[in-house]
């Protein structure tokens, strides 16, 4: 059996220009970055502005456990399955942060035969968007400190600065720092934090922007400190929002890659859920909805975090209406919620499954409360017994799910059978 | 009269694929990044390894003055001129650092009708190489501090750390910092500096590498600290050189753009002259020498810095042999060296010119000592009088220059007449 | 009417040698510090070790309010009153911290005609004990950092250091610092706090010591950090406890001053109640109990803090048995606990007084729970009405107080009438 | 043979009150601090203001070597010798800094049978003057930062602060610090240094003051920072000079101790020579000159530092006129200046002695240039040969010394024979 890494590295990719053409993009709407990735020009939205939008399916999950649920794998296999049966489909994902890639978390492109490729490019620089966010973020930080240093015309109180610096690396050492040391020639001493790029407010702002003009306005409104009278100081006040926008001018275009089976995948923006809304960009959703009849998009974390933020923030700002939600769970994770030790999850335990299904039921409830049809997708593991699968199907229906599907694509064991 | 910015923005660019084809690159040796810039695959070196090398012309200058000399403009106009008269020519440049672009220095793509385009992309992210250097650099920093934090298996003395962190931004506030604050959970307190990306040792190492394998070895040898026994600790010891190389895997490919008149321009690496060797990458020179009969390459700063480093470091490491050097000067700058105030440089002053030509003579001497034919190129300004131009030509010949040319392309006033 | 300050400055003091002789001290048991203060040699405890101990009366108070209760003033006036009626009496106080003296809090030597003098000397250096604590404390800090710096033979983890530095000044700027900067020659960077001398652990330790030998042992046991194996590192491990004891060799001797009416007052040690036990030294109590038939000693803060710590810590360590407790309150403070605004406390309000007496009752209860007779002392203010005084007397008795007295000494209005 | 420490600890001291009476002090001019040390009231200067001044003899030395010269020992033995032959004599010394006492330097009270006692009290707190300097210094620092923190009414630029904090301890870790961390509630972040108390400007100021009123003025004039307009900010501006003076009110009185043979010794102030004038207080000199016919005072370091500062600064400010200078040297130190290794100084070497005497000659020259008679005092070591002693005597006379004496008191080997 091949590992997910081997599968990705041995995959035969289609030229991204072909994927784009099949997806309905005109040649001048594509900016190639090498052979297998591209950026999509926002002009496509103008061209297709009067066309219909596809159906939007949002993928979410139960509360995460150490057992893993496979949300991205489900999103990819759903996309590949819809493609297989002839539907015009597109997948929308967040861009993975490079920091954790070199940590323990690994990348974010699915697994087994349900992956998005080219894997390495996606997990590294992709098309430079995170670098652009990093550069724009730090330009604002430098402009802020330069303004304080050079006469402080805005009368900023250095101790009210809330704007950190950012790097796309997991660097514990930079969490709490003192900057501006070395004497009067080298800045103004103050405490300053660094955050990872995915936690930058610019990442969040950029994921919500509708176009470059809107991004410019949103960047300008970012508050970085107070002046000594208590009035907020913005990037606009610092006259740096224009330069930040120039740095972001390519980053605002969604990136195009593909599934292992050749369906188009858009990847754009990656705000973290702990401090932002944990969903890919609205521009990306809009482009996908114009190109495909079915658009699968994935919300970060469980339904009480990423899904709610998708409904409450993304749908409102982007005027989107989801047609269905896929709620991902597994027998193993549900038993884990039922109190089983991780090392024993391979053993049949209907009682633990029943107890753990309370968690599943709560998440079904959250989805239903938004009035969205809920499909529960059970990622089937080899150790799951038939009795367990039947029981969880039954409990999902009882909890209010419209449909239950058993997804056997998971864990590199087989091709997608949706 | 149009400004340099207007000229650049109104330029009609050829598709970079066409420029590449004309230059002799095969389609699969090109990785497009949008329409007007690309990366060149290193496989071209294998394909053409038995072909002849072109002639290498190195551009240098007298000691810089506030008056400006126009070295890059000269390099571009020489390239355009050689193209005009039908020679197969290519230009090699360093990539400008984004930090100073947003400072007072401005970009580094020439001026007037002698520019390299697309200007904005060149001055911003180009194809992400500087971002890759930044990411690899900071990954090494994070790995170093993580090693100290997590038990310090290499017994590193934190106070011997010489490895800074880096950002591609002019940020005075980060020159001297204390990191690792916030208590035992958040790192180990120590003093740490930030440098601009162009001053990263990785930038220097990468400009000297011959291929990805060699880069891997060079990155591994980087010394970041001492252990408590005084033994140097390297990136290899920290087991992070492989990951750094993966981050640099696209950055190692030279970037292809064009002059305003369509000649191919390679831009690759940008090490600062104050701490490194101030020349573009050796890979870039080698690719250009295989593709063109005449390759113009530019050394940073004056001949006693960038030119000497080119001869002493780049030519030795890269086994290159320059055919000629172009030494750039102006009447104005020479008069400035002769003691004239900046505000009076527009007035004829043969005596100041004669005195200032000592500087020119010294630089001619440096070039000649390396046994390389020296062409003195005088950038002609409207205020220069005929007597001044004749005098400087004469003084250049007296100093040992093989040829003197008067370049009228400068200062956006006219098209190239070499 | 004279202010407390004027009264103190115009007081006619007895030579301290006379006060000492009257108190029963031999000439060689006294070390003069100027004319009006002295230190008492610990040899007095040997000479009188077989003599009887006097009665120990502990002064405490209700929960402090902005209105002020006058605990020290009560302690002094009780001492003066007992002296007036011919009892051999001594007063034991904590030494005030110099930091707050220059802040808003002011000194701690009583008020009006019930003061301890010489006021300025008491509120400044007194006989140097706080300075000795500061010096010993910082010597330990320096020894700790020197040990880390010079090879770290004890393998101390700098981030586990819990030993702050100390200064006897209110200095906000020193609360959180980073020390050891300036490169490898100048120490090891780490976060370090400064505390006020009264909050030094040495202050607490010294107040509990029975003699110089015991102090030596207590100083040696102070834990300052962990080594990398998690084992505590002590002052003894750092071989600095001996030097610290030498620095403290005079500080261990109690200081002798006098009341405005000439009764002997011992002042010794001043540990803060928020981090230590908030009572004067045990040595001081022991000396006073040998010299006098009645010893008045004062516990910091209200009965639920200083009094409980006195009973639970000081009495146990020092094997002391209090004969009675004086619980200080006022009509005004009690009305304040009953909900009256500060600005209206001058108006009669029996209802507020009744409500606020719950606080008084709780403190009476605390004292009674230790089996100690409780005398409630009401500091009478000119604005108190007869009805209020009668009511609070009645409520105090109801709460369980053995006796209630009305003290008219307070607020500089009259001589002591106990 | 007894060590210097044993001699000091076994010495039979006279009550300091007796020493004072013999020296001519009235009882009310003495403030006892224990039995063997006291402070002298400045009122003595009023009482004796019309009396004659004694002769002032200043002790200095050649350039210090590792071999040690014994300047303080010479000063003490000269005092003891003058006392022995019936002269009214007094010795004036600086107070040793407690920091180096616990370091490697040891105390500063002489050696062998030529010591000042009580040794421990002199080397520790003495009468608290250094602690008062420390407290006043840090009160000013706290007031400065409090002023910046609380609205910065004086518009101080925190990065221009030149006022360090101080502690009387050798603490490398405090040389370079960042203070004011912990967020807006805890001060304003800035770089701040700590110096040892002997290096405090207050120590220098206090050594130059003529009385409490003059000290008040000098403290007020201390500059601590600039405001943003570049105007100096003083302690007076911060309204803290009065409080600082109160803290120093006892410190301004000279301390009285004695030699091993009972002559009066005044010890007062101890400014370091590297940053201040390296001499004891002017008040101390004035008191001694009124009490004694011969006053020996000692200048720090060699004649080119402490002696010159004594003549240029102390004599001018204090209107003093020295009658003679004693220039201390040894055969060993002179041979060391002549190039001999430390380990071989015990061997006779007339040539090295002759070469090294150039140093002696230079210092004699410095003394003579001020018009002061120069007595060269040779501290005789057991290893010195007669030929060496004769040669150095001869060379000293040749260099211009009026007299040469051989002092056999040194190194604990014998009683004083001057």
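Read from first to last, the chains carry the letters A, B, C and D; within each, the first residue is number 1.
Keep in mind that, in the parts below, a contact is a pair of C-beta atoms (placed from the backbone, for glycine too) under 8 Å apart; a residue touches a chain by one contact, two chains touch by 3 or more.
Please read all numbers here as calculations on a predicted model, not as lab measurements.
K.L.:
Which chain is most remote from subunit C in terms of Cα centres?
P.N.:
B
K.L.:
Using mean CA coordinates as chain centres, what's the subunit A-subunit B distance in Å?
P.N.:
Chain centres of subunit A and subunit B, defined by C-alpha means, are spaced 37 Å apart.
K.L.:
Once you find the CA centre of subunit B and the CA centre of subunit C, what distance in Å lies between them?
P.N.:
Here the centre of subunit C sits 72 Å away from the centre of subunit B.
K.L.:
So which stretches of subunit C touch two or more other chains?
P.N.:
As it turns out, subunit C has residues touching two or more other chains at 178, 181, 188, 191.
K.L.:
Line, ring, star, complete or other: which one describes how these chains touch?
P.N.:
If you draw each chain as a dot and join those that touch, you get a single closed ring.
K.L.:
Where on subunit B is subunit C touching in the complex?
P.N.:
My answer: residues 157-160, 178, 181, 183-184, 188-191.
K.L.:
Quick one: in the complex, what on subunit D touches subunit C?
P.N.:
Residues of subunit D touching subunit C: 31-35, 39, 98, 102, 120, 124-125, 128, 131-132, 134-135, 138-139, 141-142, 145-146, 149, 165, 167-182, 186-188, 191-192, 243, 246-247, 249-250.
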